[in-house]
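Data first, discussion second: the structure below is written as structure tokens.
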Amino acid sequence: MNNESLSKLLTEVKAGKLDVSEALKQLRELASKELGYATIDNNRELRTGYPEVIFGQGKTPDQVAGIIRYMLTQDNNILATRVTGEMYEKVREFCPDALYNETARTISIRKKQIPPPPTFIAVITAGTSDLPVAEEAAVTAEIFGNRVERIVDVGVAGIHRLYNKIDLIRQARVNIVVAGMEGALPSVVGGMVDKPVIAVPTSVGYGANFGGLSALLGMLTSCASGTSVVNIDNGFGAGFLASMINRL
Amino acid sequence: MNNESLSKLLTEVKAGKLDVSEALKQLRELASKELGYATIDNNRELRTGYPEVIFGQGKTPDQVAGIIRYMLTQDNNILATRVTGEMYEKVREFCPDALYNETARTISIRKKQIPPPPTFIAVITAGTSDLPVAEEAAVTAEIFGNRVERIVDVGVAGIHRLYNKIDLIRQARVNIVVAGMEGALPSVVGGMVDKPVIAVPTSVGYGANFGGLSALLGMLTSCASGTSVVNIDNGFGAGFLASMINRL
Amino acid sequence: MNNESLSKLLTEVKAGKLDVSEALKQLRELASKELGYATIDNNRELRTGYPEVIFGQGKTPDQVAGIIRYMLTQDNNILATRVTGEMYEKVREFCPDALYNETARTISIRKKQIPPPPTFIAVITAGTSDLPVAEEAAVTAEIFGNRVERIVDVGVAGIHRLYNKIDLIRQARVNIVVAGMEGALPSVVGGMVDKPVIAVPTSVGYGANFGGLSALLGMLTSCASGTSVVNIDNGFGAGFLASMINRL
Amino acid sequence: MNNESLSKLLTEVKAGKLDVSEALKQLRELASKELGYATIDNNRELRTGYPEVIFGQGKTPDQVAGIIRYMLTQDNNILATRVTGEMYEKVREFCPDALYNETARTISIRKKQIPPPPTFIAVITAGTSDLPVAEEAAVTAEIFGNRVERIVDVGVAGIHRLYNKIDLIRQARVNIVVAGMEGALPSVVGGMVDKPVIAVPTSVGYGANFGGLSALLGMLTSCASGTSVVNIDNGFGAGFLASMINRL
Amino acid sequence: MNNESLSKLLTEVKAGKLDVSEALKQLRELASKELGYATIDNNRELRTGYPEVIFGQGKTPDQVAGIIRYMLTQDNNILATRVTGEMYEKVREFCPDALYNETARTISIRKKQIPPPPTFIAVITAGTSDLPVAEEAAVTAEIFGNRVERIVDVGVAGIHRLYNKIDLIRQARVNIVVAGMEGALPSVVGGMVDKPVIAVPTSVGYGANFGGLSALLGMLTSCASGTSVVNIDNGFGAGFLASMINRL
Amino acid sequence: MNNESLSKLLTEVKAGKLDVSEALKQLRELASKELGYATIDNNRELRTGYPEVIFGQGKTPDQVAGIIRYMLTQDNNILATRVTGEMYEKVREFCPDALYNETARTISIRKKQIPPPPTFIAVITAGTSDLPVAEEAAVTAEIFGNRVERIVDVGVAGIHRLYNKIDLIRQARVNIVVAGMEGALPSVVGGMVDKPVIAVPTSVGYGANFGGLSALLGMLTSCASGTSVVNIDNGFGAGFLASMINRL
Amino acid sequence: MNNESLSKLLTEVKAGKLDVSEALKQLRELASKELGYATIDNNRELRTGYPEVIFGQGKTPDQVAGIIRYMLTQDNNILATRVTGEMYEKVREFCPDALYNETARTISIRKKQIPPPPTFIAVITAGTSDLPVAEEAAVTAEIFGNRVERIVDVGVAGIHRLYNKIDLIRQARVNIVVAGMEGALPSVVGGMVDKPVIAVPTSVGYGANFGGLSALLGMLTSCASGTSVVNIDNGFGAGFLASMINRL
Amino acid sequence: MNNESLSKLLTEVKAGKLDVSEALKQLRELASKELGYATIDNNRELRTGYPEVIFGQGKTPDQVAGIIRYMLTQDNNILATRVTGEMYEKVREFCPDALYNETARTISIRKKQIPPPPTFIAVITAGTSDLPVAEEAAVTAEIFGNRVERIVDVGVAGIHRLYNKIDLIRQARVNIVVAGMEGALPSVVGGMVDKPVIAVPTSVGYGANFGGLSALLGMLTSCASGTSVVNIDNGFGAGFLASMINRL
């Protein structure tokens, strides 16, 4: 609720056009929709420029389908992450246009075209096993209206593979770097570009990787400036933030 | 065993009404019942105002059913938490009145009505995925004789959803706030009310959530006063404590 | 800002008694005071029933003194925790009534008497070394208008010391139990009373105590119902919450 | 290889009764048997007073059966821990006398009676869910020639259940105390007896129990003297050590 | 070394203008300067748009002074972080224009004016104790040519203090949010704006804060999109990244 | 309070020799002495066979001296651990017989000779740096009436040093093994003897030793049977338990 | 890309034999091959002396087969680790010569014989459960052209089993020591040999082993010099490094 | 004690040249020297090819001096690590030839020249703050008879600084790579050379570096083959192992 809209409402109240109790009710109802198991944040797009995204993990297929069914009544693109095939089956019943990306574990429904800016986002992965997280990032960036370039399997153990792509990487407006194990790739990329690097640690690995902790700590303590980190395996968060920066 | 009952017993012994060895035996037998795999605490209600509650996890269905069968010989309401459907099947065979709440994972048997106080307990959840823990808290508070108001999916990422409920929350005598991930909701609620807040971290989430650790640490270090924390996913503990406070 | 005051302000605006831009300004200015290095929360007492408390750690003596000097212009009792002797010297210069409790590391200034309720709070410590944290809890509870009973050095290694005090403990409306090392005392107290137990882990100890972690985990996983936990060494938080419950 | 046997061998070598190369070979062969996947420690009983025990976890059923088959050629009682039903089936084929304890997850084969000392070992469990670990301890102590008294479900949340058993506990020469969650029971028992207490943390629990860590830290930092700790869930280690102490 | 400059060099070599061995040497020497204890990265500005910054911690005052003395021979603004007063004394001897910010622990030397873009960066702190880290972020952003707005002490325990500043915050192109303890402030800010939020956990606090771990985990698991995290206490990293985004 | 004494008291009450209220008071007063900052456990020797021991850490010199002054009125040997020179100075003023062991950081006052059993305790240290902890164990065992043999600096990196002492080690009735870093020595000793091994991890070391954690985990997971572990640096606990076993 | 080959290329460019744009392309294409989901490092053997090895975990069977199919077009021996039976089935379809080692979880394809040096590598395991990791190490060392001696189940709990093998161990040029639980074996071996010891912690165990952490910390803090550590369960890494040292 | 010397001794015993009890004594006395607080391992050089090295930390200056004084009676080079200036003063009194390296914190006494092999060891540091650990490694390698090349401050944030040194690095027989923070440098070096890389994590850094944990985990999970890791800050261990490999 920003200053402007608050002023407008107060002005209407002052002018007697709006009843006090009615004004109170309007303020409440505009903002969210209760489904019993979920309270949907209707004015998130107004507030943050982006519609609410459904996080599928921990929800039942019926809950995910129910939320999507409600959101279809509105005019936004819809994205659900961490979904299962079973969830998709539920959704496809009433929305045949829904797309399911098995690698990224996403459902996306495109209700309007968002014109992308001329710049693009690079999504760089250290290894083949990091692909699902990278794909979640790419799909997220794309549905929010961005062009994405994917660069795969260029980890530091064979760093010349990265150098072959350096021109493409340097042209990106923002880089997402996805890596597990020691998570060293963002440090190296960050040292070579003059654009923001969003580092995504993955839980891929074994042993002292401890579910992504080694990559997370490595990225947080990176000596390369211009780098920040999102949660382990949080491809969505990286794609969302990259979109926000790319569209500034 | 409080002072009063100890005095009474000593007085009877002094008056010769009670044999010394008999007195010793009475002290022992009154207090608990051995089932081989369990020693039931009979005077817990006397001592703490609440009957013993069965924690199902780690017990076999036969053990859970056996303990409930014994407890039915007494006059208390019965609550079992962390139960499975299989446990419920065993119990239903000899106790058709038993209620099974699948979300909360509880069996409850109501043998007497406990009149609730005029005040109520608010159970607030940050996200849909936190519902099972919140429901365990609510069911617990209800069986111990309390009115409960449920407020769902009002996490801090869309904080106006919380403000829409603020009047209801402020009327509660005690608030239970259930949240996973960063566990920030209790801090915000705690900063807005003048009543105790019981924070329940959940293991819902992924990555650096580390099985509820992020929410737990967030809640423990909360800057809002009037907040205390129970174990991760411990809906029962929160509901029990809230009941204790609401019925003071 | 509750519903009531929002309605009143809207009504005044509607009646033309209050200009829209003035209404906006009022809403802002009432609520807080900026000191450059701090933004004091003026209506916290209105909102939560308790004035803001100063956390001394990490602030300079001048900052602590500056905040207290401002707060003296208002009509509330003042409490500063985690203060040093140096901070106290700065405060005493302009406020000779300030009291410094060296064990509890608190400065308190009593500007009005708060009549205590008939019930009391018990502050129980497991060992002599836990006294500073327990004293912080007791001082906090006292300045917010509560009677406190202190019970010291009754840890579980000699549990009959606790039993000697059991009648006093059972009469308390709420118990604060302060313990380091294995943190077992709250479990035992919680199993004997029918009132809330607030457990405070302390960082007292060595070895696998890991700065209070052993006590914290012990208390969180306590099998005794009716127990909740505050942060390690957080005597203030426990005293505050106990006051809130005692004054319900 | 103690001093005595080394002297004897040297004496035989000196007397020319034993060839140097033969002496070397004897020293090697006496001590162990190679099975390809395992090197069995033949003189462990000689050296430590106890035969080698088979740890089943991480071995295949064929490996467990192969080791037991070899050990049957010797004259010791045989104990295998952490076994599965499948392992037992393999063993029963060639050794019908083998006993399988499903709760304790052990196979035991009694080839000779070991006369127990007059004293006994108490195995005390905090909760029903701790029974498997406690039973592993009890079975271990029994096969090594000890009388065991089992005391179940006497956790600190209802501490009078423990007091009802206090005379039995005080008569034991050594106490094994098995507990999960906050692991407070050994502290309480340790404060009441003048005999060694072996504390066994279990991984039973949830939330901040972190796979037994809370109980482990609680027991390690216990304020009761005379207490030591074995690994999480290590019923075998506790039973073995208790036997060693009981038979001193 | 980008494609362009490599082509140019190859072209010169081809044209015979540049000797092969000379070409090799040029490639090496242009790029860095060895001081014995440090190897200064001369073409970092070329490569990343920003000159190298000196991290004072772990270096001796003489090393810091030596590096700055060398850098003065070049035409960039100079920033040293985590410096001590002693380091500053050494630098002031040969560079009286050096500025020392005691709160931020920085030395800055401005050799050229960088015209700031019309947009600005907001630096928001949860508490007074977080000021040093916030100031490091602000000083960093300023020396790299940005306008900064500072908003202090608006933590979630009195969230209306934040709302009073919401218009200013919403006008910023990028927000840096600095918080210790539960680290909840970035979640709340992130839920209210449509611009990137850079979260900086601080080690301010005590108990289960564990040196900033609680704030770090809270920020990483934040449910608000558009948020990313830098290392604990890494004000420099946040200021640098914010500058990069603000100047895109 | 054992069964016997409870019977006796009940019998006196029955016989009218003892008033009920007097009986209650006696039960209380016999058991402990309150000093304000400490509640001394008077019947610990009765109950556990050992008098209470003073843990100096976290107490002020005056508190330590006050407790010792009170204990001198009773007929037990006195031991204080983790004391400082300053504490000793306070004690020496009123008790010139007090002995201060600077390495072990103990004060001991011998008021009666306890005849040692014929067997002895071996205290084995892995390295020179482990001596303070080992000495605390030895001093503790000695004051409780045991003969101690000290074996120093025989860590596994030069394991023949241990073998030179193997005969002495094998004659001990119980072995205390003190080690930091990888904590491997108890495993090796435990594999060579048929007597209990009490492992004491020390916080000596650096890097991945993490304050004794590496040694603690190593000892807990030791594959040698007959081994149990006490807290990091807990020489007292090991000496106490060893005494208990040696005097069985 | 070493100096030599860079000179050669520059020389050809200078001589006009090689076009500038062609030179650039050659540099890129020689080095790696893109498969979409993987970027194969073609000149790793040139650069590091060893061909790229496929890490199967986290890849789909089709991806593993696809990578192997491409590598068959080149002249190197092929090794894939952490593979499943399903992956092997895919590979066998087009490459019947592929060998599958079920214990080691490897696929190996030998396209050329590498003559082994006269020296050998010893692979020593503490327990039977450590065999899979040890076998991965052995298979790796063998395919890279080394003779391997396997020594199994010689953990420190029965240390004479190790001594029986000491001559063989002392003849090895490098020792790989594989152990779980307390991970003490490398310390003991390291103290007896004058050759490098590569320690491999395994995740075998339970309780305070915490997924291999206890063995890892034990090995890192080992007091025996000449020892270094690879990741938990990283048999491949140990075999590879041992090969590198053995073939120096 | 290898096979050869055991045979010789047995042969002498057989020939009657050596008494049995004398043989036993010889075996014991040859091997170590007891100083009371230390047991010096005399035949470590025989056994491992290297004399014992003194670890100064945790020892008193008198103990360090006493051990060195004894070692001077033997014919080996002497190295003490983690020493203080005070220790050096004690040693210089009786050994003016002792050298003190303040950066490396070592005392070294060279009693004989060890001819270095033609190959050399590269010691590479990521940052200036890692120099003390790197210097400890270099000094260790040098006293054991190796040529060392030092390459400083070539961390991955400016990776071309490393490439300038790549020819030197590729000529080394073994590389020691010392790095704090994210510890990425060994991964990059390991991907470029065909020689062993010994990675040394340092505790240099702040925040999520957690005393070297981030660098340690990063190095352990490194994707570059041929890399192994020593303990945090363990320059000595790296130098020792590098010497062992270089002199193979």
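Order of writing sets the labels: A, B, C, D, E, F, G and H. Residues in every chain begin at 1.
To be clear about the criterion, contacts are C-beta pairs under 8 Å (C-beta built on N, C-alpha and C of every residue); 3 or more make two chains touch, one makes a residue touch a chain.
Nothing here was measured: the structure is a model prediction, and the numbers come from that model.
Asker: Touching both subunit A and subunit H, which chains are there?
Answerer: E, G
Asker: In the chain contact graph, what is the shortest path length, in steps, from subunit D to subunit E?
Answerer: Minimal hop count between subunit D and subunit E: 2.
Asker: Return the chain whose centre of C-alpha atoms lies at maximal distance from the corresponding centre of subunit D.
Answerer: E
Asker: Going by the average position of its CA atoms, which chain sits the greatest distance from subunit G?
Answerer: Taking each chain's C-alpha mean as its centre, the farthest from subunit G is C.
Asker: Do the two copies subunit A and subunit E share over half of their interface residue numbers, or under half; same or different?
Answerer: Interface between subunit A and subunit E is built from largely the same residues.
Asker: Suppose each chain is reduced to the average of its Cα coordinates; what separation in Å results between subunit C and subunit F?
Answerer: Using C-alpha averages as centres, the distance is 38 Å.
Asker: Between subunit B and subunit G, tell me the centre distance in angstrom, where each centre is the average of that chain's C-alpha atoms.
Answerer: Using C-alpha averages as centres, the distance is 53 Å.
Asker: Subunit D: which residues touch two or more other chains?
Answerer: Each of 3, 127, 157-158, 190-192, 207-210, 216, 220-221, 225, 231-232 in subunit D touches at least two other chains.
Asker: Return all touching chain pairs.
Answerer: Pairs of chains that touch one another: A-B, A-C, A-E, A-G, A-H, B-C, B-D, B-E, B-F, C-D, C-E, C-F, D-F, D-G, D-H, E-G, E-H, F-G, F-H, G-H.
Asker: Which bits of subunit H are touching subunit A when the two form their complex?
Answerer: Contact set of subunit H toward subunit A: 126-127, 155-159, 181-184, 187-188, 190-192, 205, 207-210, 213-225.
Asker: Report the residues of subunit C in contact with subunit B in the complex, numbered from low to high.
Answerer: Spelled out, the residues of subunit C in touch with subunit B are 2-3, 47-50, 53, 166-167, 170, 173, 190-196, 198, 216, 220-221, 225-232, 236-238, 240-241, 244-245, 248.
Asker: Quick one: in the complex, what on subunit D touches subunit H?
Answerer: My answer: residues 3, 6-7, 10-11, 13-14, 16, 20, 23-24.
Asker: Can you name the residues of subunit H that touch subunit E in the complex?
Answerer: The contact residues of subunit H facing subunit E are 127-129, 131, 152-154, 157-158, 160-161, 164, 204, 206-210.
Asker: Of all residues in subunit E, which touch subunit H in the complex?
Answerer: The contact residues of subunit E facing subunit H are 1, 28, 31-32, 34, 36-39, 41, 43-44, 47, 52, 55, 57-59, 63, 82, 201, 203, 211-212, 216, 231-234.
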